[in-house]
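Listed next: structures, encoded as structure tokens.
Each of the next two complexes has chain A plus one more chain, namely chain B in the first and chain C in the second.
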Partner chain A sequence: MRRVAMKLPGARLGPALLLGLLIGTVPVRAVGAERAASVKELQQKLEESLKAIQALTERVRELEARQAGTAVAASAAPAAAPSAPAAPAAASPAPGQAATPGTTESARVEALAQQLDQLETANASRGTADTGVPLHGFADVGVSTHNPINADLKGFNVGNLDFYLTPRLSDRGRALFEMNTEVSGEGSVGVDLERAQIGYQLADQATVWLGRFHSPYGYVNTALHHGAWVNNSLRRPGFLQFEDSGGIVPAHTVGLWLTGAPRVGLGKVQYDAYVGNSQQIIDGVLDMRNAGNTHGHLIVGGRLGYLFNAGAAEGLTLGVHAFSAHIGDNALPANMTRVLTYGGYAVYDTDQWENIAEVYLFDNEDLSGTSGKHHSNAGFVQLGYRASWGVPYARYEYTSLDQADNYFGAQASGYSYHRSALGLRFDLSPDAAVKLEFADTQLTDRSRDQYGAGLMQYAIRF
Partner chain B sequence: MQSGSEFKQRRTPLPRAGIGWLLGAALTALSLRAAAGDVYVVCNAGISLQASDIRDVFVGEKSFAGTARLAPADNSAAQAAFLEKVMKLDARKYATLWTKKSFRDGANPPPLRATDAEAIAYVRATPGGCSYVLRAPAEGVTVVAKF
Partner chain C sequence: MRWRTVWLCAGLLLASGAGVSSNDATRLDQLPQQWRDDRGIPLTLGDLLGQRVVVSMAYTRCRSICPTTIAELQRVQKVFDARGEQASFVIVGFDPDNDDPASWHQYRINRQLQRSNWYFLTGSWRATRQLAQQLGFDFWTYDTHVMHEARLVMFDAQGNRGAAITPASGNWPALP
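This part shows the complex of A and B:
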């Protein structure tokens, strides 16, 4: 033991210095790294070319043998050997002209080099027309003590299976289709065409879309969409959920949308303007009227924000948003409300932080009755930190909704509440994440229920 | 169990070995720096582009150069160097960025080419084509910037 211990200094220093010297030679070699890489690539290409030549040579021999056999049988062998089928005319000598083995091989190599070039160009120029439209999507499943959509349910749950297509169109054409298979609060499975928008890009700063799109208000509604994997938090704020999942603000609009983000100063001005069918409340749920509405009223809205791309405020976006619509329901007699919503949002999105705050004010007017004007508000603040091991987040959200306002009174989820939540996202791989959330919810008008919930979600992209 | 003397003798040489490791690490850092070659961003001969636009082009924020529609393509042979030197992103963030961009805006990520030769052939053959390579390209393309 002692002898071994005595050798240790040399045993440790030696390999360390040896490794240091070995690695130390790398800079010397690195001086010619570019040339070495070039030579290596040329060698690789040469090897590939030689393999191709060998394969073709064997094929030529095979064909020559076959040809010779045929020629013997016909007693009419030509003076010169036939060229390989794949090689151009340059590879075979002119009829009646004797070819030396050297020139033949040289011509063949040249022909092969041309073929390789053609293959490379063809490969580089290939489009997507012959490869189809790639299909991508998201999916999530989970388990919770209170279902993230319907708090009356508990246990395991299937979330969304969301597919989207972005076919490549002509120079300025764009298209986006998103189909989502989702489980309703009652547990039934439904398929919804969540987005179906076809656009035309007028310029870098302006794209016009026609179809069904996510209404551009706040940040969450156009940034996070249906794919749970995209969202760092386990779920959207309750009042900003999609219509059939408890949302009380029209998440979708069927209409026309102009959007862009021109560079101004050190950042970008992000603007959106849209017009579409006014939504309707049907059986307690907002419906975006895919095929139009009966009264012809429109939702008109817009959003204006500024994204700081440099300086101390880099990553910060500040903006305002508003929309107005005439939204009725299918009660007897039907109610009609002029909904006027406006507010602001702030986002701080950097490598380390994802902080989001949105506020919504509602100044609604009863157009079918005599209840007059109603004022309500809602909002949330979410703070998230992108640590190396995951993304912890905290969120507070609330709604204070006037229950005498038919717009909220007619919606199944039009109640007031506040919720505090702590959550965590772990990325298991670049395409899979596990999220945990603990939330406390207090209902504040239709009922006074209070409940705590623990939720887990496993979300992937593909 | 090791005796106290053995432990002492094993501890003593560590600083010397550490110098060796430090020397190796320093040389490695130098060699890596020297090994990192140039990245040339190239576009089709008809395209005029500023170096400051390159990042926007490859994240889908800039689609036009004048009236010409840009068609960027990634080059897997040079992508690591390009992402590090030009985009200041790692491959994972770049992929995530495009997943979100595609899902939000309906944009498509640049197609991928395998080698410098393929990238150059693509740029030559595609109006509005742009890509990047590790070696100075021959004629037929415009070198927008060298990093």
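This part shows the complex of A and C:
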């Protein structure tokens, strides 16, 4: 910018800089205001300014033309007596006097131009980091022989369009919002506020959150969000999908969450404790009761893990998790189940490996009927290798769910299955990935269907 | 000639008024100075004066934002190489608990980031936070992640802070 400005004829320098400033600063504010009317108004002002600049440019040209004429006349005097020995000495004061103020002024102009350049750079560099809310977006589309969420569908599909905001509040204030648009099995597009949590950092290793958050159990549910790009595999394990995508464990909780990861020894202890509205099964799908529930029962849970940061186990995380809730449904008469879930997880996350294993045990009790207690379990193992050309992965997942348990019986996806999958992730660029997966799924109770599926997903972040 | 000055002054006034917020100007030698590189050797940022310095922050366990940051640093390196300019690249760890010199050393090997003008630094929590605050690197921990944005801050050979580069609309702006 500065180099260009200094090469411009003098008469154009000022207007050019002003024009640059107008273009460089005013529209930024207008866009920031996000109001088309403001933009239009600014455009009008800009046009007026351009007219004024044009008029002033003409005036500057006129003045400089007069000044140039004077300078030429003054410089002609010494040039007229080149042979006279005294002439240069005698003549030198004239150009010297003319040059000194000019040089000084040029230096000032140069200095001012540099300052202007720095100010422009500083203004440009502030960007969204200082003026707005950091916004991240994720989107994915795909094609498959069996839709990754709705297995009865095939062909091309639109996945998620996920917006992820982390507004900065203060040194200790925290906020995280995630809005996701997704396509239902019927093809309609819905928008969901997947996470709406506002927190406060009580201490370096203790943050309390209030709102809707991902229930802290296992690894996947908090490590991944709704943007497909962050996941090396094409999809989450079926039983750990989000509620409206076939998940059978409450992925979201509306409540209070205390979390932290203090350093202990050579690693970190990761702890979580949470309480929130007990979820409800509505029309076969778990609902996290954003506005509260009618019976006042709570889900209470926690997670405790240890992340090894050094030694042979560096990158390994081992942990346990549990929650208890009273979860009913909207059947007539309604069922109520005390759900007690517990289990463990292991993650080996290094530059080369992403290996994850999670297990869930369910000891549920029928509180509204006489079916008594039911035991079920589910789990998965995924091995992934971070090669320079991509991330191949293999996964085995299963559920063994007691169909006499109202908690599973009332859920549309509460069936037992096992699935083996091989997949591959290619990163086309730092913000775009293509994923392929071939999976074989065997349903083992409500039906005995078995199907193979080939899936492709194109996921981006922006 | 006076017109130029008038215009420039007006421009300066406009530019200064157009600033959304005022960041304290920071020189490289005004930042926290006590760091260790990936070999555990103490390094003072002021020692890097004399050529351009590009500063960024990252953490070794980051799989999403930091690869983009590193890719951008490599792009900047290529630009400087093409221009024949010398520059130092400084990457300060967000998480001193995890990002010790040994972790950074392995990080460099795994990603083939072994040019001698690249420095992966570990400091105290206090120094890390102070540098982050001075250079506008907002960060906080969430689960086992560090929430942060991709950002590079440039310093000229005299140590004066220049442009900060952040991704905008999915693209990084041109290198100043």
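In the analysis below, the second predicted complex is superposed on the first by the 332 of 462 C-alpha atoms of A that agree within 3 Å, B and C clash if a C-alpha of one lies under 4 Å from a C-alpha of the other, contacts with A are read in each partner's own complex, and residues count from 1 in each chain.
Operating definition for what follows: a contact is a pair of C-beta atoms (placed from the backbone, for glycine too) under 8 Å apart; a residue touches a chain by one contact, two chains touch by 3 or more.
Note that the coordinates shown come from a computational prediction; the quantities given were computed from them, not determined experimentally.
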item	value
Touching partner for A:443 - first (chain B), second (chain C), both, neither	neither
Partner chain in contact with A:430 - chain B first, chain C second, else both or neither	both
Which superposed partner A:164 touches (first chain B, second chain C, both, neither)	first
First (chain B), second (chain C), both or neither touched by A:307	second
Contacts of A:201 with chain B and chain C, given as first, second, both or neither	both
Partner chain in contact with A:175 - chain B first, chain C second, else both or neither	first
Which superposed partner A:361 touches (first chain B, second chain C, both, neither)	neither
Which superposed partner A:225 touches (first chain B, second chain C, both, neither)	first
Contacts of A:270 with chain B and chain C, given as first, second, both or neither	second
Intersection of chain A interface sets (partners chain B, chain C)	10, 13, 15, 17, 20, 22, 26, 29, 120-121, 123-125, 128, 166, 168, 174, 176, 201, 204, 222-223, 230, 261, 430, 461
Residues of chain C that touch chain A when the two form their complex	1-12, 14-16, 18-21, 23, 61, 64, 67-68, 71, 97-98, 100, 102-103, 106-107, 110-111, 125, 136, 138, 140-145, 147, 149, 151, 162-166, 168-170, 173, 176
Residue ranges of chain B in contact with chain A within the complex	2-3, 5-6, 9-10, 12-14, 16-21, 23-24, 27-28, 30-32, 34-35, 37-38, 61-64, 69, 92, 95-96, 99-100, 102-108, 111, 113, 115-122, 124-126, 134-135
Chain A to chain B touching residues, read off their complex	1-2, 5-6, 8-10, 12-13, 15-17, 19-20, 22-24, 26-27, 29-31, 33-34, 37-38, 41, 120-121, 123-125, 128, 136, 164, 166, 168, 171-172, 174-176, 197, 199, 201, 203-204, 222-223, 225, 227, 230, 261, 430, 461
In the complex, chain A residues that touch chain C	10-11, 13-15, 17-18, 20-22, 25-26, 29, 60, 63-64, 67, 102, 105-106, 108-109, 112-113, 115-116, 118-131, 134, 166, 168, 174, 176, 201, 204, 207, 216, 222-223, 230, 259, 261, 263, 268, 270, 307, 309-310, 317, 349, 351-352, 430-431, 461-462
